[in-house]
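Pasting a structure here, questions to come.
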């Protein structure tokens, strides 16, 4: 790991250590927050007892579905919108303000359209993620140097070949930003829906533990989400750095 | 300057009555970038284009390659009209860096061959040769970002040349190189041209480069670009950069310089 | 070549025993970019630096300007050591486009004068003159994005020159211009230099430019850059681009060319 | 010949591009309303009221005296949280951008925190800030501050080094350099960040109001959800969308103006 | 903590469900002031533990919360006291089916999909107990959590479930769209739904304020029973709903003696805990003595 990586790790560990200290010495009361070590122990116990399996499977599969949908459809929608500049210009103000509208108020509509299943929640996660993907796809397509597309034409390539062999790799760094955001928003969308709309999944379990004053379960689950999100992010980050290093020559 | 027997040679590519006008965008007026202009390139000819910045040289190249349609006029390559598509047998090296940053040098050079469906063995043979020829052998597995600007330009040249085009269009291919390296590359371009017998159109800013490399130099006016003179150099086919010491070389560049001095002052909006 | 009586002139700026080594970052080894190297610039001298790409020319300029500290050695300007700060009286035109995109051409040129606290009337006088002088009068209220690369470079030159620096450091100031315009700009730079009596250090890729403009040309080796030769041109102070037709001009460039041919082949990694 | 071609090209130019853009926008909105109407026909009033009924409900709401204090409450909370998110994010992002090492260290941490569903932090916020305005403001601010920070960080980090060198050659004081070079150079990206930050801060404030409050649009929405009052839910969602689009368009216009220069 | 205004109390589902009606009346009629306390606002929340947390986080630590949440909080060691009763029954809850559906009674639910709001909520408990009381095998009914009343009704309209729970005042507003399947009041015993809680600390430091709140609410309840028409109007005004609707909802509740006057009926509370046991919320016996404090009740209700 690089020097930066070590410093970062040290800072994170330091923060966790400080929290542990504050909780252990009672500066932060147990009713407010349990020490990180307890969270880990509780999480481990839940995992061992098998209580974790079902909600985790449900939430993660929903997140995964929302994520895959956002990335795939976001890329395709980005390609389409990019080829319609007038439509795009009109759409622009809507794209950025989109996040201000609380989607879950449309949950009943989604039930009507998709029925009583996991689908409405997946769709909410998808709705959160897809716009980030579209925005970044457009960004990436904008930044493809026109000369690369000319090379495609010089080699007499069709539009599908051009999309896959030139546009996709050329826009990849921007698409990556979109992918990272899509991960974040899929998590946020799915878990927030579970939290607010209840039903099942980790978000629901957190809301439930919260309602029952079960701080141990609540914090254990929050720890689980935090570590999962961080792990996924870190994996993406490392992958991205590797790609960028190659492309930027370490600059 | 002895005139080469141009009319006796077969026409390979030509533009006739071509203009190119970029339509208005935003609040800006349309830009009349080129022409009207006529040009016949003889088969196997090495033609150089010089002209002030922004006069439409790259625009001419794009029209000739079929990358953009002329507003008026016709373009012909090997007897057939060029319309909307790059014809087979035409290779272009662009002014900007067009190397693919996500591919290694080797894969960049192999790109066109793969698209054209060559066999793996043939691709390997041609790419290995071209990479070595361009002095990139040590960097075959490097990515463009690890190369200097000049080396990247050489990747693009190699990527085009491995396809063995019959008409080679080069837009400032040595722009990223220092003057010394430019001359060396020029010599190699000449050798290649001699070996393959391809027709070459070379756009350049450097008058000495144009004068040294080509059979004929077209000097363009400020925008909208038209040819104000077509100068035959009369060099033998078998030449290299040592020509610069030839006495007629100085006269040639002097002539070009006086032609373009006025035009370039117009183009750069200088002291008006 | 008649040697100018250099030793009789007063030293204006100098570097002594200077090296510059970029420390290792990431997995990469440290880069020894420059030196060890000595140079004395006489007051009012026009000094040109040529050398292969990546040899450390820009690095030398930054060290001389006080923008980066040398790893070893000392830098002096007007008798005082230069350390960590750009001394008053030094002006720099950078290799990259340094025009501020958020200011109009006029405001760009006025930028330094405003910061230095000149009076409005004086600022207006100087900026109007410089903008006109640089052929930018029609574009005074335009933003850099609306200008060509060459015009932007002229904005940067004007922005530096209005401050009337006593030492002018120019890093490829004509890089974005076509060869013809370069020569015209060169003539104007010469006129300015004559009028103000400033000391000039000009970095350039173009050997003819170096030979034509300067009193003395420093030819640098491949990285780590050192001077392999310092050539006095012996031109009169009152000269312009017509010098190129002088017979000794050819000899001069020929000499520089042979000096650098080897070096530039080393630097560009060509055919190794 | 060529002169006539120029004329032709000029004639093809539409009369007024700004007008055309407005037409495009209105067409798009009309399309969206059409989709909405279609969904309404499909799903029925139980799930989705018609565009007309929604607008009528919104106008009716806006005619009520009790409605405006709720709007005021939300705007007040939004104002404070935007202040924290924009100014705080800008300051933090700028510092992290200037100090490269801390920027490199902090960015992945920020991104990971950003991806954490902030709704799960609500219990914690409540414990720390108690009920009322401060909790809402805190909730809004934590939604908005990270994107603003990340954008500002990248904006500052990506300032071309040659601008900073120019500032040094001009011998600017740190304050002068900040005011006349750093800020204007980074401004376009900063405004982009503020756009996203605005939308997310608004969302955060609304979410905060949904949990514990007796005032604000979020409160009205959660109440309407509880009462299954679909027309009110829809009318409020419409109001929020209109508000967000308006602010976003203004920022976008600024954004375009700034980006056009560079 | 930087507390909100000190003169607000929390009522679960204020502005949404009927628990708030006595407070609406008491506020409007000035009963709290009469009893010696300034209350100028009611904080709402989604119910359950959220309301309890709000009580603990807010300035004036009194709130009406579901008994289930109060029990859960006490089990986790939160320092609270139950000081009076709010809603004395769960008789406001009923299940409905679309107009004209074949589902007409609890027996018809066997083998069908039935909605409740969320796992371990009062609606789940009432559904389970009602099925048992109606002699339907619980295992034969496919119970579906829809997340809320609104989405349950939507799901039912779309055919996702055959019946869904509904409460006043939504029921009063939409009764023409649906037909009742069963009412909790017809199947279940008296079960305390909500209680007033406070912190032990506040109980010690400000008994007068508590007494005043309880007294003020009780006057509100008395007024509701005595003047349904006027009370309905006041309630409608506070909840920003139609007047006729408000009156109708209030009358519906009066019919089932929904609001308690404050007296703590341990039997009815035990019934509720029994229900909680069924859905697995509570294990073991409940010891009310530590949790319940009757000393703030008006003398006539202390028995």
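Quick notes on this one:
Just so it is clear, A, B, C, D and E label the chains in written order, and each chain counts residues from 1 on its own.
One rule holds for everything that comes next: contacts are C-beta pairs under 8 Å (C-beta built on N, C-alpha and C of every residue); 3 or more make two chains touch, one makes a residue touch a chain.
All of these numbers come straight from a predicted model, not from anything done at the bench.
When chain centres are set by their Cα atoms, the one at the greatest distance from chain C is E. Chain pair with the highest count of contacting C-beta pairs: A-D.
For the pair chain C and chain E, the distance between C-alpha centroids works out to 83 Å. The distance from the centre of chain A to the centre of chain B, with each centre set as the mean of the Cα atoms, comes to 48 Å.
If you average the CA atoms of chain A and of chain C, the two centres end up 50 Å from each other.
The set of chain C residues touching two or more other chains is empty. Counting partner chains per residue, chain A shows two or more touched chains at residues 108, 111-112, 210, 250. Across the assembly, chain E contributes 50, 53, 148, 150, 154, 157 as residues in contact with two or more other chains. Of all the residues in chain D, the ones that touch chain C in their complex are 160, 162-163, 165-166, 168-172, 176, 180-181, 184-185, 187, 258, 260-262.
Within the complex formed with chain D, the residues of chain A that make contact are 4, 7-8, 11-12, 32-33, 86-87, 89-94, 96-102, 105-106, 108-109, 111-113, 180, 183-184, 187-188, 191-192, 195-196, 203, 206, 210, 218, 221-222, 225-226, 229-230, 232-234, 237.
Chain contact summary for the complex, chain C toward chain D: residues 62, 65, 67, 85-86, 88, 90-92, 94, 96-98, 100-103, 111-112, 115-116, 143-145, 160. By the touch criterion stated above, chain E contacts chain A in their complex at residues 48-50, 52-53, 69, 72-73, 75-78, 117-120, 144-148, 150-151, 154-155, 157-158, 160-161.
The residues of chain A lying in touch with chain B in their complex are 145, 147-148, 150-151, 153-157, 161, 165-166, 169-170, 172, 246-251.
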